[in-house]
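Quick heads-up: structures coming right below.
Two complexes, one shared chain (chain A), two partners (chain B, chain C).
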Partner chain A sequence: MPMHARSTHKLQKTLVFAAFLALPIAFFLAAYVYAVGYTGFVSLHRWDGISPTMQFIGLGNYERLMGESRFWHAVANNLRWLVFYLVVPSVTGLLLALLVDGKLKGEGAIKTFIFLPYIIAPVAVAAVWRWLYLPDGGLFNTLLTDMGLPGATQNWLGDRDIATYSVMMAALWSTAGFSFLVFFSGLRSIPQELFEAARVDGANAWTIFWKITLPHLWPSTVLVLGLFGIEAMRLFDIVWSTTGGGPSRASEVLATQLYDVAFATFQMGKASAIGIVQLILAAILILPYIIYITRRIEEAPE
Partner chain B sequence: MTAHPISPARVLRYGIAALACLVFFVPLLVTLNTSFKVPSELTDILSLPQTPTLENYRIAIREVGPSVINSLLITIPSVALSVLIGSMAAYPLSMMDPKKSRWIYFLLLSGMFVPFQIVQIPAFFVIRTLGLYDTIYGLWLVHVAYGVPICTFFMRNYFASVPRSMYEAAQVDGCGPAAYFFKILMPASITGIAALSIVQSRSVWNDLLFAMTLTSSDAAMPVTAKLNGFVGAIQVQHGPLMASAVLTVLPMLVAFLMFQKAFVRGLLGGSSK
Partner chain C sequence: MKPLAKSILAASTALGLAGAAQAQDAEIWTYWASGAEADALTALMGVTAEQYPDTPLATRVITGNTAEMRRALQTAFLGGQPPAVYQSGMAQELKSFVDAGRIAPIDAYVEGVEGAAELPDGVRRVVSVDGQLYGVPLNMHVVSNVFYNRAIFDELGLEAPANAEEFQAVAAAIEEAGYQAMGNAGGPGWTMYTTYSFLYGGLGEDGYYALGSGEMAFTDPAVKAALTEWSETYAEHFMDDWTGYTWSDTGGVFANGDVAMYQVGDWLSAYLADAGWDYGDQYGFFPAPGMDGSVVMQMDVMAMTSGIEEAAAEAGADFLRASLSPEGQAAFNNVKVSVAPNPLAATDGYSAYGKAAAEEIGSAAAVIPNLKNLLPVRLGDEFGTLIAAYAEAPDADDLDGILETLEDMRQEMLETGEFVRW
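Up next, the complex of A and B:
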């Protein structure tokens, strides 16, 4: 190729690539950089969202939040959800994957059954589970009564002390399919020779699980815990549609509180401050994870 | 695993698997069962419908039917657009030295993990200022914008697996970098595009946050927001509500059952090698 043709080509390539990147970068700047900056700006003001002027109050919104038990209750609930997500649906998914990964007949059907709830919109999950939880005539109380345990019936979503746990049960039903699927594919990618070699060496099933299966499931574990972790921090849909944060704000999380403060009471400044706190909490939690993943991708052979 | 087919351990395994399937399926069965019942039969949740009726579905189609159409009009174009835009960004990035593109990865991943609530208030005011509040276009815009990180990330990983020699061969044949993308790379990446599309469709279809924030009438309201209004109603009619829930999830379920393989590939893609 002659010299000038090559440099023309290089220029053309640079221009085309720049053109390809322009639109996505514009979207990213508007949707993330500008939007987060806007939220940060509003959080320093008192504003009802309607009047043309905002009143600057510095960190006033944050100071008010710090003094409110309502705010701390939502933070505590988010942390409860975090512990729940990192443990319950992940372990359930792993156990189900280990159970099904034994060349069972009808494996495909079993997989579909367990995974199906993950497809269902959280708002539909809420519709279904509110019906199952109905104090009079709902599935759970009917079953408990039929089993001769009328004393164990609960007002599942109406009792302040258990409302959050009731929503968690619905969340378990709808998310376990995801971790199940990831762990199941992880199990299938472990070379069978490793198990055979261990068995020849006389290792029992327990040792094989801890020394071979679990370490090989590390990439699947990273994926599941990462996605569930962020899910817990940005949880909105299922709580909002199942309880609306109630009864009397008992099951409220930061996201539902933000929505309520912003669009029911029109305190845009305070709501923005909640959003910023939520972002900081998520960042503390997720940043190490993102750094870890970025490194791993870089090290991965192309 | 060469266990004998009738060993007790294996029977136990089948038993537990069957139980697990039942537990996961019961809520769906109860929903379907309820959706065919007349109001007087609702008091016993476990009984089968004595006089099966389609009345609930007639009501559900009248109430949520238009929003199902809205959801389709929102989901299909915004997924197609975000996959295209993500691919356009992914193509140059996939040609770069991975050591240099570290910070781009970092940005994209951060975008994927930002809690959407933080942008809820600006999204509302920006969309309203653009005159797109309560329109389908407004939802296109937010779903495309917030789909860019995941789509770019996914397609970058996919393109990285396409052999570099293909690009060089095309270049020798006089194919420019833009023509290579549209005529060769995209058609060759159809399995990746399918996997990403179905996973994105699920998140756009199921979205409630943006739906509630950016729409207020049947003109644009997607079915999730519409159903949410029913769920929280003071007087809940469970027959029509369950029928509406079925209609809400049906399109995604059909898509999932048709493209199950692509869906699974998409969920695992890019992250768990």
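Up next, the complex of A and C:
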């Protein structure tokens, strides 16, 4: 190929790449870089969200946040949610997948039954669980009373000590279907020959689980933990719809506090500071996961 | 012309016309999405159409409450597409938009509307800033009435209590008979609402306004005395597990006959009507202890945005005039089961409770605004949150801590000029 033809071809190729990249880059800049940058800018100001002007106060919003027990309580709640999401729905989904995988009749119906809550909107989940949790006439307290355990009844969403954990149970019901489906797909992709060979070699069920099943489920585990980790840091809907962050802000997480501060008490600058801290916190916690995933993609054979 | 080109032209024309129609219709934004609220707005739009048949108006529902409305307005202002008129809270909520230069004074628009000059003083105060009117008060709800279950009162031979001492005796008798005395609900507002009559009774009308205007310290002994009386009279008698209920959940408990009394705001009457309860038969009401012939109310307000196109402003002004007119107020409040602030609005269409409430307001010594709306929003929010937490397990030492926290906030807000002298 002549020299100039080769360079023309290379230029065309570059232009095609550039054309394909332009839209996502523009979108990334407008929807992410600009949005985060503007939030950071607002966080340095006192602003009610509707005035045409803002008052620059430097790091004043951050200083106030750092001195507020309300803010640290929300951070602690987000961390509780992180631990919860990484452990409870993940393990529950795995156990359900192991239980259902080829061992039960009516597998299709059971899979649908387990996965169904995941596709229900968090607001609807909250409405259902608010009813289940009603102190008087709610399903849980009624069952406990009928079982002769009236002393075990709880004010599930109204007790500051347990409200967060009550919402977590609703979240478990809603999200376990997702981890179940991912783990179930992972189980089905493990070659059956491996299990047969292990059995021939005399491996018991426990050994098979630890030596074959779990290692082969590693990609599914990474996916589930990563997405649940992100969910824990951006959690909003189910908390807001179930308790509104109450009682007395006990179940508040950063996103619900941000919303309350921004739109119920008109402190847009402070709310933006909460958003930036939330972003930093999420980045610190989730960055290792992103790096890990990126490396795996780079290392994967083409 | 080819069929495809024809189709494109037709679609473009249709879209263009739709766009033009949209541009002509001034929008009214509310968060009345369903039920009696949505029906009441429809009735009001009907009156507006009768009074101003050539005015193009469209309504849009912003689902949620004042917070959602604020979020939607913020976006609309940024995009330069605000509505002509929107639903607002009274007092501080309205004032924050005045400070931001986002709403326009409406005195000139509603001047001459029948009854406009006769709005109750307490109403006019909280829709005006610096002497100018910024909102049309559309409906009033009394938040200082205690609803009671007539069957329980009759069974126990109880009379409606007239003061805190009598209330405590009535509550004790109810509890002794195995019922729960007083309903309440979780959230930062409902518990705070129940304190107003005690603050009003303890501080007097001037003191109540002084507290709302930042002129009285929260650590003032009179404030503590009022809240202590509230604690002994109400908080000690709140139903079990009330923090786990919404106001309507507790309405259900009240309608089931498990709780004898409930003070939450008289929208409860609409809830009870849905449950088949009639005022005078299944339930009655009495003024909360300390009101002494006055009422505490809250209301929805319609405000007009500033800087909009002239045509939209004119259409919005027509809507405001219709909203304040006796006909518009009657149409709206008949359906919403609330009371018209315009004293000339007809009350024949009111429910039995509505008539009683209208009579109560009409003969009230003073019509007092909800304190939460008078206070700067974050102070009101903090007051509500702290007092609700206190009421879970009342303790005099905790009350001192709460009042000191609120006083610190008051001092800070005095420096930043966030209070308004109502």
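Heads up, the rule we're going with is that the second predicted complex is superposed on the first by the 277 of 302 C-alpha atoms of A that agree within 3 Å, B and C clash if a C-alpha of one lies under 4 Å from a C-alpha of the other, contacts with A are read in each partner's own complex, and residues count from 1 in each chain.
In this section, a residue touches a chain if its C-beta (ideal position, glycine included) is under 8 Å from a C-beta of that chain, and two chains touch if they have at least 3 such contacts.
Please read these numbers as outputs of a predicted model, since none were measured by experiment.
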Point to revise | Joint occupancy of chain A by chain B and chain C, clash or fit | key: clash
Practice item. Check the residue A:103 against both partner chains and state whether it touches chain B (first), chain C (second), both, or neither. Key: first
Check your understanding: Is A:247 in contact with chain B, with chain C, with both, or with neither (first, second, both, neither)?
Key -> second
Exercise for review: State whether A:271 touches chain B only (first), chain C only (second), both chains, or neither.
Suggested key: first
Review point. Looking at the overlay, does A:27 come into contact with chain B only (first), chain C only (second), both, or neither?
Key: first
Check your understanding: Given the touch rule stated above, what does A:12 touch, chain B (first), chain C (second), both, or neither?
Key -> first
Practice item. Pick one for A:263: touches chain B only (first), chain C only (second), both, or neither. Key: both
Review point. Does chain C touch more residues of chain A than chain B does, or is it the other way round?
Key: B
Check your understanding: Clash with chain B: which of chain C's stretches 3-11, 75-83 or 273-281?
Key -> 75-83
Study note, to complete from the structure: On chain A, the footprints of chain B and chain C overlap at residues 49, 130, 244, 259, 262-263
Study note, to complete from the structure: Per the touch rule, the chain B residues reaching chain A in their complex are 1, 3, 10, 13-14, 16-17, 20-21, 24-28, 30-31, 34, 42-46, 85-86, 88-89, 91-92, 95, 98-99, 102, 105-107, 109-111, 113-123, 125-126, 142, 144-146, 148-149, 152, 160, 171, 176-178, 181, 202, 205-206, 208-209, 212-213, 224-225, 227-228, 230-232, 236, 238, 241-242, 244-245, 248-249, 252-253, 256-257, 260, 264, 267-268, 271-273
Practice item. Sort out for me which residues of chain C touch chain A in the complex. Key: 66-68, 70-71, 73-74, 77, 96-97, 99-102, 186-188, 240-246, 249, 253, 258, 377-378, 381, 385-386, 388-389, 392
Practice item. Would you tell me which residues of chain A are touching chain B in their complex? Key: 9, 12-13, 16-17, 19-21, 23-25, 27-28, 30-32, 34-36, 38-39, 42, 49, 96, 99-100, 102-104, 109-110, 112-114, 116-117, 119-124, 126-132, 137-139, 142, 146, 173, 176-178, 181-182, 185-186, 219-220, 222-223, 230, 233-234, 236-237, 240-241, 244, 254-255, 258-259, 262-263, 268, 271-272, 275-276, 278-279, 282, 286, 289-291, 293-294, 297-298, 300, 302
Review point. What residues of chain A sit close enough to touch chain C in their complex?
Key: 48-52, 130, 133-136, 155-160, 244, 246-249, 259-260, 262-267
